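Please read through the structure below; I'll follow up with questions.
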Amino acid sequence: MPLERAVAENLKDGDTVAFEGFTHLIPTAAAHEAIRQGFKDLTLVRMTPDLIYDQMIGMGMAKKLVFSYAGNPGVGLLRRLRDAVENGYPRPLEIEEHSHAAMANAYEASAAGLPCAIFRGYRGAGLAEVNPNIRSVACPFTGETLAAVPALRPDVAFIHAQKANRRGDVLVEGIIGIQKEVVLAAKRAVVTVEEVVDDFAGLHPNLTVLPSWTVTAIAVVPGGSHPSYAHGYYDRDNAAYLEWDRIAADRETFRAWMQENVLEKGADAFAARVAHLRKAA
Amino acid sequence: MSAFTANEMMTIAASRALKGSDVCFVGIGAPSAACNVARLTHAPGITLIYESGTIGTAPDVLPLSIGDGELCETAVTTVSVPEMFRYWLQGGRITIGFLGAAQIDRFGNINTTVIGDYARPKTRLPGGGGAPEIATSAQQIFITMAQSKRAMVDRIDFFTSFGHGEGGDHRKRLGIDTAGPTLLVTDLAVWKPDPATKEFTVVSLHPGVTREQVQETCGWPVRFAATVEETLAPTALELQTLRDLKARTEAAHKAGASAGKRGSKDG
Amino acid sequence: MPLERAVAENLKDGDTVAFEGFTHLIPTAAAHEAIRQGFKDLTLVRMTPDLIYDQMIGMGMAKKLVFSYAGNPGVGLLRRLRDAVENGYPRPLEIEEHSHAAMANAYEASAAGLPCAIFRGYRGAGLAEVNPNIRSVACPFTGETLAAVPALRPDVAFIHAQKANRRGDVLVEGIIGIQKEVVLAAKRAVVTVEEVVDDFAGLHPNLTVLPSWTVTAIAVVPGGSHPSYAHGYYDRDNAAYLEWDRIAADRETFRAWMQENVLEKGADAFAARVAHLRKAA
Amino acid sequence: MSAFTANEMMTIAASRALKGSDVCFVGIGAPSAACNVARLTHAPGITLIYESGTIGTAPDVLPLSIGDGELCETAVTTVSVPEMFRYWLQGGRITIGFLGAAQIDRFGNINTTVIGDYARPKTRLPGGGGAPEIATSAQQIFITMAQSKRAMVDRIDFFTSFGHGEGGDHRKRLGIDTAGPTLLVTDLAVWKPDPATKEFTVVSLHPGVTREQVQETCGWPVRFAATVEETLAPTALELQTLRDLKARTEAAHKAGASAGKRGSKDG
């Protein structure tokens, strides 16, 4: 299905939405489509909000951010996010902050149908004092106090993956991150893929495959995770991450860049962006 | 031996603390460089783990992010992020958690969350990521960072990750049974916690560094060990290894053009 | 290392031990070696005790069994286990009985370093009334009552796997069951493998590999999971499972069979047992 | 159509209750045969899951155990057992849990644990395996078994898995929000729970079966629906599919010699 329709049919104003990807397979094309469609009042969930959430926050689409590490990976801070948190520009942003362990466990618990996750965490950590969604339970055998966080159940999850087959099963490989858990945790799941193949015959039986009936919609967008990368397809565009630091530093520069590179473009622009990052044959 | 920078000394001094039997949870930046220098010199058997899920990785260049493709391509195995935090970190398999810091206090408590008040921060930093649980689940914590009064402060603004708290047996009082910060390597000195108070104490000054320089770039009154040694200068092998690594890294990360060049090896 | 030494160095009288394998990769050779070495007072842990635990129980080596399904898979009951539970022969057997979900979660929790597992289970189930190790916790967010079981931390785990490399990393593939969790859950782990290869170069990055530093000892025993199977090496010996029903039905027949096939044999007997089960080239 | 056995009728009647959109958690024995007949006839899209971790499997022969190699070889993916019970069963992904039973009562409560007292059993049965959580996490439960007074009893000796408890809204009172047993197919009849009392009620008799035969092989006073239909006899396709499946299965499982024969296909 075209990405435009997949996004329109599955995302609504006010939704809690996760565009997940752990440095690898970040669903940039889907995020840009959501920006073009101009959704409002979103609660954005992600372990590692990076460029795409900086962009959505900078465009004023987010009322709340649930996260565990908000940086431009390997570069520094996220300047649109800072502007929203520090100055309330373009609108104030409520934040719910966790550790990676908490977020990973919370997605996992939701995929497992549980209302909460327990883990050994947050001991001595300041977040436990500022986030009311960090609570505790006592182990009924040892009495040990364990941290508890609510399961993360987004209304909709977006991920990028390498391949789908004609039946609609999805393959994720390489750094698989949290891709499987977020799809199983969410009420609806939209996947962009690099390509569609006839079938997955010959694949090793233990790979990370999401059966077709766990996925709501699939859109083919080659290059759709640029400037992140897709293992086996193209490399990370490190220069784009460095460049983002400059673009996001200034409100006007940011606006102009978004206008030119997101609002006036479509999903078909991504293939060209990764052309120079593909492996030599 | 040729001259070396303070930053090179820091990375190399940190690398020496790692053993071939260590299983090391690696943060990006200086920790990553130190871990890989160790692997390429005296500790080829070391296991490097990045929180993206890559276990036993051996990158040819330093990754820009903790999830670069080469980490996966060279790893013994790559697991999901929930598994990484459950089986490998919380499961007690990590001997050394290697962290950087925006702010640190004398007890190895770290802040990477906010400068100023949490609700109304002057500067919103990236946050903790894996650090809150690395700090308590890894058997020991090594920290490496450049000294400055902005970074080494009397009181940190936020307890992103717990070191020795108020010192002494504070960890034990919270039921934490791991050792916590046992080593701090800066660009000027090597620090270790006092056995009783757990305050970081300078045990070794890098070549040419004075006690005054250490104090001038530190926000608390610095304690020095009874005997302060001089850090061994980088060996030719160490320095060459680090510089080669950095050169390979720079070449690989320069513009997107790296892909074509690396293709023949990776493909 | 020879299996004899790997077992002798890692198993002791009175240990809590798990020989795990979920129909696939059952560590029969290791269990037979343990029988030959005559350990006593073991607490045997396994989700699916089958022939090898029937054998160890029949030989009087076990004082307790922790399990969730005690059958001869596809055939019926375990007759030596029944004799121990129903008649105390050759010695009484204490049992701690769980569901599969509970055992799987308990191994998982132990691999994850937790003191207990919580899950949505045992609702309306009789086991919750007869097993004091089934307790509950309330979700601190929803108030829902969830089942809790203590983490399973065996003194030693034995598994069979396909391959090790020279460095000592272990590969498990196909039906991976609980192999990884039990190794990470146990204090010591002994692995028998079909073969050793130089390295795992070329393997897909997301396969189930246990790094060398998670494994205490490795012994090469081709055919070591007969009459179970090793995916990629040989098929399940269904006839042997059917035949076991006859052997175990009678105390004397059982004793004679054990004498001839276990006590008087060694690990090197296994290769021949699977010769007719290997795939045609 | 040629004659058919009661057992064949049972398997085929059970298979008809499955839809192509179902995700079915399959027990070994009669459930496995019914699920695979459905897949090979009217419901090719059905997803069959065995608790060994095989998702979307399509075996050419019926497995003897829930972990036979062919289940893995033909599956969409094969996951670990903890993941199977956490993400797939507890995660609410299973539409139909298909169980057999050693003992069952009129409310679909099942015993596969012990005959007699739990602490001092007359017969120690295998136990529950996955059933306690299948019974409450799968959206619906189908049960299939041959009738006998020993198996269909007034009171089961042990509540291995919970059906409708004492009937009525007992599930809801325990906080269980899945439907529980909605279908029982025996060798004589098709049963469904009464909407209010949840007692299993005969809704259809297999061809040639009388009400008396059903009562004679059941340990409680049987209730019949207001209108009892006759189960449609197996079609030629259904019967042929089942018999072919059984013949392939028997050939494959006969002695260990199966391996060589299957090699050319599997290798």
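We call the chains A, B, C and D, going by the order they appear; numbering starts again at 1 in every chain.
Assume a residue touches a chain if its C-beta (ideal position, glycine included) is under 8 Å from a C-beta of that chain, and two chains touch if they have at least 3 such contacts.
Just so you know, these numbers come straight off a predicted model, no measurement behind them.
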Chains touching both chain C and chain D, listed by label: A
Most distant chain from chain B, judged by the mean position of its C-alpha atoms: D
Averaged-CA centre spacing for the pair chain C and chain B, given as whole angstrom: 40
Where chain A and chain B are represented by their mean Cα positions, the distance between them in whole Å: 27
Rounded Å distance, chain B centre to chain D centre (Cα mean): 56
Multi-partner residues of chain A (each touching 2 or more other chains): 108, 112-114, 119-120, 144, 174, 176, 180, 205-208
Multi-partner residues of chain D (each touching 2 or more other chains): 72, 78-79, 86, 90, 137
Touching chain combinations (by label order): A-B, A-C, A-D, B-C, C-D
Chain D residues within the chain C interface of the complex: 28, 51-54, 63-69, 71-72, 78-82, 84-86, 89-90, 113, 118-119, 121-133, 135-137, 158-162, 165, 170-171, 174-176, 253-264, 266-267
Complex contacts: residues of chain C adjacent to chain A: 112-116, 118-120, 133, 135-142, 144, 146, 148, 150, 173-174, 176, 204-208
Chain A contact footprint on chain D (complex, rising order): 21, 23, 47, 55-56, 72-73, 75-79, 86-87, 90-93, 137
Contact set on chain C toward chain B in their complex: 108, 111-114, 169, 184, 200, 205-209, 211, 213-214
Chain D contact footprint on chain C (complex, rising order): 22-24, 47-48, 67-71, 73-75, 77-78, 81-82, 85-86, 97, 99-101, 104-105, 107-108, 119-127, 130, 144-145, 174-178, 180-181, 208, 229, 231, 234-241, 276-281
